[in-house]
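What follows is a set of structures to go through.
Same chain, two partners: subunit A is paired with subunit B first, then with subunit C.
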Partner chain A sequence: MSAPVDVMSMRDALYEEPGPHTLRRIRIFTGVSLVLVAALVGLVIHRFCVTGQLDPKYWSFFLKGTTWAFLGRGFLGTIGVAVTAGVLALLLGMVFMFGRISTHRPLAMVSRVVIDFFRGIPSLLLIYFFFLVLPQYGVKMTSFWMICLPVTLTASGVIAEVLRAGVNAVPKGQWEAAYSLGMRRTRILLKIVLPQAMRIVIPSLISQLVVVVKDTTLGYVVSYPDMLQNARVLITNYDALVSVYFVIAIIYILVNYAINELSVRLARQSGTRVIGRTNENPV
Partner chain B sequence: MTDTAQTPVIQLKDVNKHYGPLHVLKDINLTVDKGEVLVIIGPSGSGKSTLCRTINRLETIDSGQILIEGRPLPQEGKALAEVRAEIGMVFQSFNLFAHRTILDNVTMGPVEVLKTPKQQAQDEALVLLDRVGVKEQAAKVPAQLSGGQQQRVAIARSLAMHPKAMLFDEPTSALDPEMINEVLDVMVGLARDGMTMVVVTHEMGFARRVADRVVFMADGAIIEEGAPEEFFTHPKTKRAQEFLDSIKGH
Partner chain C sequence: MPLSELLATYGGMYVTALLTTWSLTAVSFLGVMVLGLLVTVLRVCPVKPLRVVGDLYVQIFRNIPGISLLVFVVYALPNLNVVWDYRTCVIVTVVLVGSAFGSENLMSGINTIGVGQIEAARSLGLTFTQILRQIVVPQAVRSAILPMTNLLIAVMLTTALASQTPMKPPELTGLVSYINTRTVGGITPFVASALAYAGTAFVIGFVGNRIDKKVRIIR
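Our next item is the complex of A and B:
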């Protein structure tokens, strides 16, 4: 009735079970695309060979512990900013969302402007502001905060809107039932609506965390030693552009893949708690 | 002090409401006395649900007056919340709090609004859940229950607030046929115990059996009201006769 839709049943609803004709077409397309992908990969490898990118001198330093220790420090730097910015953005986004849905008109208006501002402004622009403008007015901070705060602010605008969408997605009947018990708006929001909204928006919130992780790479602007920054140092030291970028691209992809997996798992878990096993409906 | 035995629990005076150009409530005058069971019937779109929902201000009105125990229904804030706490409401779609257990659903009102200690609220909730026959489900979440069970929990949730009156907005309309009676039985029990009730329903059998008074609405106006037996056997208006004819043979 009011529970969020299960991931699987949503997929079933979106895609009709294919018939024999469609099945054959799907098989043909799958075959063709496999061939194309294989050809592309082959071409890339071929070009690498021709241009000498597979030469051991470009890859052998990955066998050294120091390389990984150095990249590892950068990795921790990236995670440090991502986690800090992620948590702060969630808190700030929550505050902005409360302002935005406030019944106090001026507060709602101001919140809306603030949200739209941070949602619309590129992170890089804010980073320049923290890096170049603020110090002129005597506001000094470490490179960690110069990357962390801009990323936090831009993410918080989006998160505020995501949370608001979640609050709006909670059925009106939940509000009415709580109102009819004599509960007041703020209590209803905190006790009834927000817990359900969070379950609905967990996947979107996690996707936003992926954006935060990617935004941390802008840390190079303020010389913050994140993974990309340290990768650059490696590139200069070993004169190995392609191999280093290749390796850290894979690390970024793995990190974000892990975050996405986490989101699917969380969504499924909270989903079952809300939906229960509706199919085993007791009489 | 006014004599509460004579002051109607609910009173509507010349209530009007519009949705844009649509006049959904037309000069509604209605009183519900203490212990009375008032059943509102009528074709869909007649405004009977809207009428029911104005009584605890889930719907606002454009003009007229609503009095609860002789006092005007407050328009907002703490005063409104206090009146709402004294009037139970049961919805067509149950509206149980989807993320909380059955027990939590019933204790939510007492704990949050009446500031009843949690343990005491739980003890009372279990008694109420037992009364509506779903005590065994106390630890489950709403989605694990059948519609009929959910609606009985919703009734228990309202009762936990010790309401002075209860509003039922088509409580059985969303239920599978085999579950309607288990909910109606609970409502009959409440009526027998002297609960003041306003019931919007399509269940004519229930209306006939339990109502003290039947109100027939069409096109936003009260067309006819009277004792159930009289209304169902000898409706005074043509409109009511047509309505009764149209639902006969079911």
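Our next item is the complex of A and C:
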């Protein structure tokens, strides 16, 4: 979503203003596609029906307050990990970025390798590292940190690159002007460049939060009670797999959608672009 | 566990695991490109309901956590009488998630072209097909190289989800948990898998950058 403002206009610009003949054809296609979409939705509902998944026993417990209280506790767990990991990843990403743009060659090289390493391995592998490998060396930590630290590390690599893109986006003239005023490199970076870079990357950083939230769902590997883990408990209690996963998936989608929308809005307001990895990392 | 012992006991499995990760990645990425293109066509077509479906698809699958989608595909779909083997389940999950991101890449590739070019082409008398074939697609493909390279790496990382299913043979992430639940594997199995991932990502990134430098349009 690099230029969300243009999405509609570019889409529409591809076609000429339709004449009466084309307009009729578009209308026919619209009708046909509406029917097709409705048929598809109907097919899915029918599938739910014949397999008995619409049975009230699978859905009625969503009317109970306790269900939502339980899921809510899981949601708080999710938020706890996501916010902690997000803040830590921002700090660590900042450190990596400073290393990466340092004029000290070896330091820059090492930072680059570290950043590429954490960007190049799946967070699940890191989770197994904290969950299975570290305990063998006597390192014990709570399940909170076992999910938090891997998520932090994988996110910090991407964030370092996002921050670097932000620093690079600050015009060269700012550096030159500050140098000619006699400021040192570190001072320029901290006082002149970084404040401007941060403004540029804030939307991108917020959209990185989506990746972090998604990664927290892997918390069940270390049995951290996040929302997905609590959903599993609900499933065993009510023997209702499809309905619970359905509802949980919708909650996650809505939360991440809201975060994405926020980042796109902010980007539009400040006239910047959301920088990510693809634009962001799936998982 | 020292490296020599690891290689002697699990060397063969590592090769299989690496090849499994690579083949999962390749097959998934192919699916991602095809489905991503299809969704993008829906999103730019003049028929409103299809556009809405395309947009909805992207919003759903770029925001759903991979693991909850995988669990849905593996455990919930059989309740709806849809049964696939684990490998297919993983590929379907990765393709669904990846294609949403792929479509986003293509859309922003299209958006970089600018309305003015289309207007110019039309005033020169180019037909819709000509505009697409000679103006839009070549530019969109060129500017999508780098994002697609990154997507390929991301798809590879997403295939690690396979470790959450009892898929046989395990891929790189699954193998680390396989070894460590059987013996005290120490840090070596982890490092071996991590280097295999990071190395592959590095090569993909390197090649992608090369191609991008060659074909990039400097604006």
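Annotations
Assume the second predicted complex is superposed on the first by the 226 of 283 C-alpha atoms of A that agree within 3 Å, B and C clash if a C-alpha of one lies under 4 Å from a C-alpha of the other, contacts with A are read in each partner's own complex, and residues count from 1 in each chain.
Keep in mind that, in the parts below, a residue touches a chain if its C-beta (ideal position, glycine included) is under 8 Å from a C-beta of that chain, and two chains touch if they have at least 3 such contacts.
Keep in mind the model is a prediction, meaning the values are calculated, not measured.
When the two complexes are overlaid on their common chain A, residue A:A249 makes contact with subunit C while staying clear of subunit B.
Using the contact criterion defined above for the overlaid structures, shared-chain residue A:R73 touches neither subunit B nor subunit C, since it reaches no partner. After overlaying the two complexes on the shared chain, residue contacts for A:Y128 are found with subunit C alone; subunit B is out of touch.
Of the two partners, subunit B and subunit C, it is C that touches more residues of subunit A. Look at A:L228: by the touch rule set out above, it reaches subunit C but stays clear of subunit B. Shared-chain residue A:R112: touches no atom of subunit B or subunit C.
In the overlay built on the shared chain, the residue A:T217 is in contact with subunit C alone; subunit B does not reach it.
In the overlay built on the shared chain, the residue A:I26 is in contact with subunit C alone; subunit B does not reach it.
Residues 1-3, 277-278, 280-283 of subunit A lie at the contact with subunit B in one complex and at the contact with subunit C in the other.
Contact residues of subunit A toward subunit C in the complex are 1-3, 6-7, 9-11, 13-16, 18, 26, 29-30, 33-34, 37, 47-48, 50-51, 53, 116-117, 119-125, 128-129, 132-133, 136-137, 210, 213-215, 217-218, 220-221, 228, 241-242, 245-246, 248-249, 252-253, 255-257, 260, 277-283. Note for the complex: subunit B touches subunit A at residues 56, 58, 78, 81-89, 91, 93-99, 108-109, 112-113, 137, 140-146, 149, 154, 157-158, 161. Of all residues in subunit C, only 43-44, 46-51, 53, 59-60, 62-69, 71-72, 75-76, 79-81, 94, 97-98, 101, 104-105, 107-108, 110-115, 118-119, 122, 128, 131-132, 136, 147, 150-151, 153-155, 157-158, 160-161, 163-164, 172-173, 176-177, 180-181, 184-187, 189-190, 193-194, 197-202, 205 touch subunit A in the complex they form.
Partner subunit B is touched in their complex by these residues of subunit A: 1-3, 171, 173-174, 176-184, 187, 191-192, 195-196, 199, 273-278, 280-283.
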